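Each chain carries a letter (A, B, C and D) given by its place in the written order, and its residues are counted from 1.
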Amino acid sequence: MNWFYYASPATFYGLAGRLAPYFFLLAAVLTGWGLYLGMLVAPTDAQQGEVYRVIYIHVPAAWMSMFLYFIMACYGALTLIFNTRLSGMMARAIAPTGAMFTFIALWTGAFWGKPTWGAYWVWDARLTSELVLLFLYFGFIALANAFEDPRRGDRAAALLAVIGVVNLPIIYFSVKWWNTLHQGASVSFKGTSMHVTMFTAMLVMSAAAWMYAIAVTLVRVRSIILERERRAQWVREAVKA
Amino acid sequence: MSFPEAQPPALLEAVSLSCRRGPVRLFHGLTLTAAGGEAVCLRGPNGSGKTTLLRCLAGLTRLDAGEVRWSGRPITDEDCAFRESLAFVGHLPAVKDDLTAEENLDFALKLRGVHVTDGQRRAALEQVGLGRRLTLPARRLSAGQRRRVGLARLALDPARLWLLDEPLTALDDEGQQLFRDLLAAHLSSGGVCVAATHHPLAPAGGHAREVWLA
Amino acid sequence: MNGNATAASGSFAGAIAWSVSRDLRLALRHPDETLLTVAFFALVASLFPLAIGPEPQLLARIGPGIIWVAALLAAFLALPSLFAGDYADGTLEQMVLSPHPSFGWALGKALGHWLVTGLPLVILSPLIGLQFGLPPDALLVQALSLALGTPLLSLLGGACAALSLGARGGGTLLAVLALPLFVPVLIFGSGATEAQATGIPPEAHLSLLAAGLLLALVAVPFAIVAALKIAVD
Amino acid sequence: MNLWWKSAADFWAMGGAGYFVWMSYGALLLAVVIELIGLALRRRRALAAIEEERELEAEN
């Protein structure tokens, strides 16, 4: 398969259109199954009672938020090295979903923290670096849209994503160091021994989050392509069909 | 000035360049060569891509396709060797308001890696008619006088390739004549010049090939 | 083109010398800008006692953090103008096209920014520390942590300033880009002073800051040049 | 797979932590709904812009 065939926005527009529904379907099925397992079948947790069930969306959201930022940085590197147009659009398409997952991770972390630790916001290493990650996402989105020429925005935001992804581990470990320095080792989520159904439910929910992120990104990148190529001839045919 | 039969080796070669600015494709498959002692004049209506082509030749703007070669070697991204022989004059005269004309010239040449004595600098400024304004902060200079600081830099710059964007703007008749003298000296010593301009570039009797951009 | 001028030759030292000497001369033409940064630093630091109250033990405890945040914000304020002037008057094109290695003048610009903003903060910090009643040894560690931290801020902030050149949103956009990257510097910087003030040896914090600085000195100028080339494209 | 909960009421109560669990899941649901609506709006705006572009071209 000619790899660069699908790299051109025109052809990718069609491919994304065909793939997106399947990913949405997969996401729905996996979510249904995951929730069934996690919420209806999995037993109560010995220490935390029922509130631990927030884990089925908190952990996948946290994973997705970090992984999507990493993928954005990869697309950014592609944009900087090969100057391809589509990779810049893909990075822009991922950013809002990544920011959403980061916000959900923070929100669910807070609502989980209240009954467990007694406070909505605890300066725990993970939550704090998640908060900084949210600012990195806002920075990416703001920078990408801050220029007249969208290509210029793509390249500047791509470089920011690469700089951000290099700094992310440094931020995480500096916050972890800072956290243990001031409060001693905070309770870690991994303390609770994972019942097998709990673990499978969480994996299934992670896969569901994956499918959802891909589906949403494909749909959003189609809109971005339409916005960028609105004068092109192929757009007229594609839209008419 | 008779032109020798055998074509002198092309110093600057641009092979099938193409570049887009947003949705608009400015030029495609454009090829251009210039040998030592030759001046090429880019003509065309506003927005036809003259400036973008110049910036592509200098390596400022990234090309979508095509390649620019200087004395046979393709220009790479961090190409200090090529830039040692390049003098680029853009729309903006690159003059700092807070510095005097002499300081601006001094820093401009240092940035080009060119070392000249104070005497040479002052002589160049005199040559371009700024002799009495050496200690005046550039803020007080007119647009034409700022351009002349650029001319003084060109006079002292040993670069073999001149890429000039509208070099004659804001220059009065005397200034334009100064520029044409500098250009004639540059070409006669084997230099190459590519300029985007609406004014006639050809020095009296000389020849300047013209490239029209749609 | 008279032949007597020597041929153009790019050099690393030439690049740094050019950017530092030019930026210092420009700063000397506008000494008020440097004083503004220092005044802002002192002003922000003295707002907190007014807000929290003069109670010495409390001020001594929160002093290190506040001074570091004030220094960080002061260093941040001078960032937008780092490349904006060159971008506006066309000097940036000449820099990108200079035969000097771009790593050199990018490092020189960050160094110039540090000399004009970071260094005065380091020199003034003991004075402000006295305001918060910090012991002399803590003042020394604080000045050392600022001396290691502020160049890091100039480098990281320089990259973000280059990224947001010509962007809408100006200063606030730069803040959203740069401040998350400043988090580790703030943590280790203020952590060092606080450790010293509470009797813990600060060597760990200072060595991490120094390591961060070395890493940034080697890597960040490349990011600055890449960002500037995007801006000039 | 027998269900863990005795009755639907137990399920909603979530052993006393219902408020926190359903506020979390509700937030996720709301975020997803907002994102999907946003996507649809964005696509509609893009199509309208294309239409506008075509009319503009048709005129001159």
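Keep this in mind: contacts are C-beta pairs under 8 Å (C-beta built on N, C-alpha and C of every residue); 3 or more make two chains touch, one makes a residue touch a chain.
The structure presented is a predicted model; accordingly, all values stated were derived computationally and were not measured.
Across the two interfaces under comparison, B-C and A-B, the one joined by more C-beta contacts turns out to be B-C. Chain nearest the geometric middle of the protein is C, using mean C-alpha positions. Separation between the centroids of subunit B and subunit C, computed from CA atoms only, is 36 Å.
Between subunit A and subunit B the centroid-to-centroid distance comes to 48 Å (mean Cα coordinates, whole Å). Computed from the mean C-alpha positions, the centre of subunit B lies at a distance of 57 Å from the centre of subunit D. Spacing of subunit A relative to subunit C, judged by their CA centroids, is 32 angstrom. Shared interface positions of subunit A, defined as residues touching 2 or more other chains, are 231. Multi-chain contact residues of subunit C (touching two or more other chains): 233.
Residues of subunit B in contact with at least two other chains: 62. Those residues of subunit A whose C-beta lies close enough to touch subunit B in the complex are 83, 149-151, 228-229, 231-232. Of all residues in subunit C, only 159-160, 163-164, 166-169, 173, 176-177, 179-181, 183-184, 187-188, 191, 208, 212, 219, 223, 226-227, 230-231, 233 touch subunit A in the complex they form. If you check the complex, the residues on subunit B that touch subunit A are 21-23, 62, 64. Residues 1-5, 11, 14-18, 20-21, 23-25, 27-28, 31-32, 35-36, 38-39, 42-43, 46-47, 49-50, 53-54 of subunit D are the ones that touch subunit A when the two sit in their complex. If you check the complex, the residues on subunit A that touch subunit C are 80, 132, 135-136, 138-139, 142-143, 146-147, 152, 155-156, 159-160, 162-164, 166-167, 170-171, 174-175, 177-178, 181.
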